[in-house]
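Taking it in order: structure first as structure tokens, then the write-up.
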């Protein structure tokens, strides 16, 4: 499984978000691999209407619909076609209480939650909240191109170990610095089910080629 | 001028946001009055594509495009068809530094800024940042149906006075508790150019009738 | 064990904080029960220097010493005589990442962490971070005088159950609405080791009598 | 006037804060210049009790005394001997609404407010709130040792100009990167009444010598 975070990059905003999502859709179909795209709130409707791919929001507020200005509810992203949301990304941290509330609200609306965390300990804590997916991303590696799966493989293996004690079912992903097919393979070998990546795809010269190779690497690694 | 804030009300999300915006568009045309709608981020694209009306976002983050997950940039709302944004609504307060940055960024993108404030003092402070519009809303009255123009007329007149010392041009609006045509007339009589309202419109049994009467009341008051 | 949170009540600031701490010290000695007081940052030094009682801070920031203005470090509270801190109180929520960092930093400085949480799920999450103590407090009951141990006993028993699956050692306390000796007894009967309370003690007409009776009730309940 | 911000540096915590404050007291007396020290909350009581110098807090929350855990009230800092507080330091930004509330609350308690801002525009905005002092500090220069008075003198002169249009009385200080007596002189020459500095003093090999020379430079410059 590959989750592509479009962040607020200019290269992944508006029409460009649709283009990048269409490329991801093509790779997903050709390689028969699960690819999700996490797009900006303003782009959820357009992207979800343009591709046959799981579209995630990048953030949801811990608010029910009502008298809240400038917030994003689970109901709103669902009405726009999203099937879930990232939660607690390192660039959009939430309080523990709000994470608990958001994961529960997403579940209530049959939306997927992809909870991000920074250490094995907070990953285990997050796992206790029963999200659908959990992505461990040491913040110091995000955007560096230095993959956690290589720079700190022990963070990944420790995370898998302590999360499994708390939660048998959550799907574990590996994020931060993932930039090559080899990084993806390494992440799978360390016991995760896939990766969360952003700039490497969004800013790739040939995103189609990169994602295709990543998909192939992931499949090879998961067969071993 | 009437600015309608859709907040995150269920009654103003997705398809329902489009319907409410179409009603506002009709009143704007029939009454020849300037109406703007501030919609949820997920609805900006759909609403802006459905009506010939100024569509605002409810909030923009003080971030340039880049490695920011779950944030909303000026560039993104513009790419989706918004012509501006509310800034610092009482339900989405910003730091002073971020207000300064957001107002400047909106201006750079030729987007309107509607800055909200809570007292005459913070209104004067806000006016020093040169937003296009300024809406004073005592937070204790928001959503109460008790109009600031009646409960605290001195807040409005004092605001107009101190703001004018700092800034001759900013358009001053009156918010908080505006729920009847009479409240709108009173706001105009106190020296403002119009109102910012939310629940009264969104939850009205007949939003068309209410907004039409508000528009007429505003026009009558401004002629006096 | 009884943890008294002085919050920012006028009745528990400066000299008055010292007086309330001295009463707590006397009850602790007379009843041979463990009492801790969580005082305002500005009062840590004075209170810690005036009583032979475990003094906690009410909050510590997730910051190492350095170029941070207006923050409170673990080092600073230790230098003033505190032996630990509340973490993530419902009136001072932290991000999950910061809770992880603060609990680890307190441990590094041999300081106690009393982690607050709002539901069984977030309590289990908190327990995964290995704080010394965990206090479950449904926010809707804080300050109401309606004890969680009576209004929502299932929250307490469920919390004890799910926390124990994750962490065998953490001391579990019960907070929110604790105002009578009977509430304390009930909390102990539900499986906790004690209570976290604030206004009932700080605003008591006779705090000595109240705390003495609470201590006796706790001891009786724990013998059963 | 020289305001020394001790931040959360280890070199300015606990006993070390007292030492640095005593040195400042000596220079203040010898040079007959107004020196203030902004210390950590945990150190306000000890420092205020040890020196005959104006002691400021580094931050106050926009909260009245009451049911707020882990916050710092104006009442609390006053009860510990502070005579005022920094407000909205770049490392502890507040919302515009909270700045308005904090400045008003400090005034109500006869406490000084030293409001920090980052640009000429936000300085003018801050001035509209009538704090006692205003310190402009471009955040990108804080802690760099590159003085705003040299790197961006136009920021300082522009600030003085726009602030004066809004507020005739507020005392204007210059912060960010001030590290030498020459920087202090330059700040005074640009039209400010003094400086706000931190690391240069806290980490000086000989803080007595540095501060003495800064005081002399300030006096010479103000006579010109």
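First chain written, first letter: the chains are A, B, C and D, and each begins at residue 1.
Criterion: contacts are C-beta pairs under 8 Å (C-beta built on N, C-alpha and C of every residue); 3 or more make two chains touch, one makes a residue touch a chain.
Everything numeric in this text was worked out from a predicted model, so none of it was measured.
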Going by average Cα coordinates, which chain is farthest removed from chain D?
A
Please work out the Cα centroid separation of chain B and chain D, and write it as a whole number of Å.
36
What whole-Å value do you get for the distance between chain A and chain D if each is reduced to the mean of its CA atoms?
43
Multi-chain contacts in chain D, i.e. residues touching at least two other chains, fall at 90
Among line, ring, star, complete and other, the chain contact graph is ring
By the document's touch rule, what are all the touching chain pairs in this structure?
A-B, A-C, B-D, C-D
Once bound in the complex, which stretches of chain C touch chain D?
5, 7-10, 13-15, 38, 40-46, 57-59, 63, 65-73, 75-77, 79-80, 86, 89-92, 142-143, 198-199
Contact footprint of chain A on chain C as seen in their complex
88, 90, 93-100, 104, 117-119, 121-122, 124-130, 139, 162, 165-166
